[in-house]
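Scroll down for the structure; my scribbles are underneath it.
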């Protein structure tokens, strides 16, 4: 925050050691966060695999991936935020989602 | 107006909207997400009394199909401006007639900041006029 | 922290701080809270030449208002109205913003010497990002592998452990929270300005001012406060701020969907007084904004979901402000259904719909109805408990007490300390902004009187200097 | 229908409780009551507020549907204590029936 | 501070260092062309720019999808980038955000651009934001044009048509921007003085706050009394402060303040000038009018019935019998600062305003605060039996009675010698009126607004009756109970505990007040279909009915005309924006305080008044004010001095003919007084030589815009 | 639905004549204590208020009433009060099956066992153990209730009783709250599980085969709301190593079992009981309650419910097949 702090450029080893110490200090958070990240990674992979076939509604994706429908929607919304998936056309009371790369030109309906 | 008529096929409508009444009125139509034809171009004016007669005739010459002057009416913040405006318009109408322009192409109306319906009516009416006036031309083209 | 708070302050100018790099600053006024009340107060004070420090607990200023979709009764976009004030405050040369900052202690020292000064001890919570270096490019955010529910989006989508708080946040600077960080180092790898500081520690700051304005706002009463409404466990029962996010154009789904499975809701219900006017919850007062925001949301919903049925269950519709009643009548004319009943309880159903139990007072009595989505119109609770932090009096309703509510509504029992906005009871934005102006007026008068007594120059510029704490200011 | 009678609340107070005046007729008690039928108990409180003594006596049988479970009192947003008011109304009815 | 148009120097107030000139005859410094913006400098800049051609930067906002959902923003950007004169074209998610503004500022600083067009939401929201960003980057904030592609494009059009229209509007804006000269704000010297119109609580609060901030304040009040509507109140909701004590305190401070001069029994009869230097003409309220005012104000809803039967023995009981020269014939003990219920605190009589033969007084001021208050709604004859039954009165009248008899307790409320066993209060009388259900008044208006304070006032009155007179029962007939304020819901609950009975009616099935059938023992009966009792019709025999009349706009038609004040559909004065500028009017330097704007309770009035005061103080703190430079300017080379513009000018004094030396010859030329120029352009249209234009809104700029709208554009309809 | 006037007069007349709502002679009802080796003296007096004992008879009455509810015979109930009290009571006793009576006794013996295990010293005097009169109070017959309560309280006072342990919520509420309020009685009243909690110093009841079960508690209205005694049973069970899986409608927000409606409308009672049983079934765990009326009504609705005393006394519910399949299944 101050200049004195930003100027610090420790050696690589010292940096590694510092991170190691910090990891130990924050083990109570690092562990669960890592586990959660792995879980989300796996779920997102499943969603990607599902959408690689064709666009699908959240319940369809949930059925195909075995994820809960609310988790599926939550992940879709997150992936949409980071540009990975886009909203496609509507089927009944649900919107379909598609991978960004193969999305139709415009979701405008 | 007819749903199929492509907006592009119609002539353009110029709307001179006063900044204290009609322009916020047009914004209010937007806030209500009420749709209207896109051949409408709204220019913000402090008071339409600014424009001399030739301005209107020039616009028509340049290809503007219709002009709607949306003023504040009697609530105009510039006292006397509305009256001066109306008098000027009579002279414009006279010149339009001389040039063979249908005077329905120019309208003066009052639109307040919440006159959504009136705004839409004006735009739709002018489009009707333009459609009517331009129909034979289109047929020939 | 304790020692700083309780040791006698011989010289208020002394720089203290456990981190050794703490800051201090002398201001004319200290504004606690960077929501719309605090910003308006600060602007009105700064426009008279008084220097102000605005202390905000969140990573961005803007408070509740910047998180809304649109505001009643004009249906202006909340962001469009809030951002100019946020930007004006952020760019004002007389205003210093401190974000991620908690007030640990606010007290008057040397009160016998011409009223003394107010001294605030603050904790600058770490952003784990060098706020000067960060350019807000979001590269870290894309690189971060951790997703966690984004409170800024009602929890309906994920955010990263490191992120820009939200799209129109001020300052546009990243913030990392250690609770969700796995310390993988990816953000530091991609940061073009090496701004990541994993080991940043909280810092103590000390500010001195002659007047303070408490603009600490409100928090929404929690859904879990009412057992009959499901304690937050019934799918598709959400609170009103969550609905604001669903309605916001930059919301989690970009449209209104049912969170349990993404269905487009056909039927949406509002449960009014879900956190107010309810002795059984210990909140007897009216939260004053819920009727209007529910009507506003209902109108916005009927715009975005023209086929949906929208029902508002209410006890009294309190559309009391300028043009509010007309707004309410418009909503009725638009076909929004108003049912005069307090909803007794909610139950989940198999298919994700929610059963609403109420008394139909125009019909057969006990009635139930199913809705795809139920919005609880939660009320306002005080945003801040002064407790041991500040010896300002609290009224029975838990909000800051005012001593002359009729003639000087911003006056607290503590000399030189004023209050504005929802900190002094639930309030809508219009009333908050007006009251903030009033608080600024009274604070300015207090400052002027103090300056006159002290024989100081009338121009506040003469004795104020820009604070040395610059990390939170930007521009 | 019948005219209002402002004195009835006093009668009810003598029968044990007059908190029914505090009811603002929100209907929570009706919808939460396990009986799940009609407008009970709110309507009884409403009659009490209005002093519609005849209506209470006419519909007295309704009162004995109350299980005295207290859920309405627990959930009443106004602290109007509907359960106890119903009990007081029972007492009022029993007393008036004994008198006649 | 004030100067009399007819001479009476001896009685001029002490602060006679004020410019002793009639503003119309001798314009104040700011009107002086010499002190107007340095035109030569501007021309130099213009010349610089001629050498340094316009490089327009175009910035298009996504508005988080608001625009980009319907307008292909990137396509528009590409089209704009290709247009001649456009140096850069960029897009951003939120142009108004810091990063968005930074885009513009960086391009300006780097010299890539010297004109800016932002295409985003309505200019009403962010024109100022971007102008200020330009200024921060060292550019000229007036070399800016705004294209409104949200409210007027993306929210109303869809598909290709939206994209095309956005392109044309932005192109037009760029066309105008290319012709924009650098301008600077007009600097206007501001008098550190304020005039407050209205001596109610709002006016008193605002006057005190400004005076405490070192501003000289003149408070104008029509009547002889300070306090306005609050003077009629007693114990205030919800906690029971005493209104008279409150008023005495506020008025006492005002009267004692050396910085405030009170002009009672005066009205504003003339208005001129502008921010920083307004001039107001004050006239002595004609005596008969004072009485009329008092009748209308103090005896709110001068109940025909109640007039016939005086309510109490207090001096306020029969205002109609008030002597024509009140101050001289008031009770002998009545002195300045003394309080009379229903009237207020007696204001001092200004020596210069006292005698009738003195002419009107002209005062000059930097700002004006309007605190003209409201009127109480007068029910129509027959509305809920009003004026047809002596037992029907208005709530303000009942409140005044309760205040007058505050010390009295007893089993029953007694009014006009009549014991009141049962009282019914009917809410929403003259408020929340609905078209098709309620009847318009003579002027065709409905009061669709909620009057905000009547629920709390009714319940407060009911509690007082129940607590002071336990045998008097109270029935409140309401539509919605709106006890929104702090402590009010608790007061409502207390009323219920006090056994006030609430009956709920619906607007389309309003209660009926009628004579009670004989033999029932009550004069009146209120019949209501009660929503809380399954819609059954209830009959409530009563001794008295009070109508909770709402607030309606005060009689300020003259002021509205004179100051050209905006009025809302509810006929209250209309602020610029309820959230962005809640106490300001479009007329710079004029502020709103209190119930002239909308119904409010006393605390809210004081907040609003202080908020108005803080704006005024901030405005006057520098001693000068900056105004927009959008005023007429004459091209002296082209002008022939024909005078057509002078004849057309709508604000007399803003334009005149002057003889000056030009190229060695003395010629007559039109000359603009910028601070008085409205910028309407009436002069522009009549100039045969096109020698006069409005800065920032020139005819050439409009023509350029029209050209861009009609011209051929690749791929654009 | 039966006419409240008829029911009230019948019950009031019964209580007045026999001190029992159904007119059954006490020696016939209150037999559970025999052979328990209970001392007459102790710091505190155990008082059952006869609720557990009366439940089997209530069930019988309900069965009878159910047959006639809303039939043309219903009005004849009005004549029932002219039937000699003793006779009708005896008839009722004859109609009530013995196994039901035995089961009621079992619960009381479990309570005694638990109290003994925790070291609480108490005495029992059958002649003082009277019905509390609570039903009269609930029905609004204030006059009869007060008359009866005064009688009961006076006898207890004359016997020098100052501290009382109760076993069911209705009697507890009557003695703890209503007696002081309406007849000025000032006993120190605790339920048996309060006494247990104090007897073990706030700790658990020690039991060799304790722990491990997941249980769903149905809080009786009087305990959950009126007496705010929901936490205690959970604490005791937790101390034994059991886990409580609560439904939303528990504690102060518990739902009624429908039992109290039996007297006026068995049909209504059954409907409410079924609703409550459904709510509780959502957790899928063993149900537990602590009120004879709740127990009876929930069982009637088909639920498999244990009395808290059984768990406290034995540490764990016994898995006897005949008991696991509830009587309604």
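Things to note:
By letter and in written order, the chains are A, B, C, D, E and F; residue numbering begins at 1 in each of them.
Keep in mind that, in the parts below, a residue touches a chain if its C-beta (ideal position, glycine included) is under 8 Å from a C-beta of that chain, and two chains touch if they have at least 3 such contacts.
Small disclaimer: the values here were computed from a predicted structure and weren't measured.
Traced through touching neighbours, the fewest hops from chain A to chain F number 2. Ranked by how close its mean Cα position lies to the mean of all protein Cα atoms, the top chain is C.
Contact counts per chain pair peak at C-E.
Chain centres were defined as the mean of their Cα atoms; on that basis the chain farthest from chain F turns out to be B.
Rounded to whole angstrom, the centroid-to-centroid distance between chain C and chain D, based on C-alpha atoms, equals 43 Å. Here the spacing of chain A and chain D, counted between their Cα centres, is 57 Å. Between chain A and chain B the centroid-to-centroid distance comes to 52 Å (mean Cα coordinates, whole Å). Within chain C, the positions touching two or more other chains are listed as 74, 76, 228, 254, 277, 361. Annotation for chain D: residues 24-25, 39, 74-75, 78 touch two or more other chains. Looking at the complex, you find that chain E touches chain B at residues 122-124, 148, 150-153, 155-158, 161-162, 164-165, 168-169, 172, 564, 566, 569, 586, 630, 648, 650-651, 678-682, 684-686, 694, 697, 699, 702-703, 705-707, 709-710, 717. Against chain E, in their complex, chain B makes its touches with residues 7-8, 12, 14, 20, 24, 26-27, 29-31, 33-36, 38, 40-47, 49-53, 55, 58-59, 62-64, 77-81, 84, 88, 114.
Contact residues of chain E toward chain D in the complex are 422, 473, 475, 481, 492-493, 496-499, 501-502, 504, 532-534, 536-541.
Of all residues in chain A, only 1-2, 4-6, 18-19, 22-23, 26, 29-30, 33-34, 36-37, 40-41, 57-59, 62, 69-70, 72-78, 80-82, 87, 90, 93-95 touch chain C in the complex they form. Taken together, the chain F residues at the contact with chain D in this complex read 1, 3-5, 7-8, 138-143, 221, 225-226, 252-256, 258-261, 264-265, 268, 272, 275-276.
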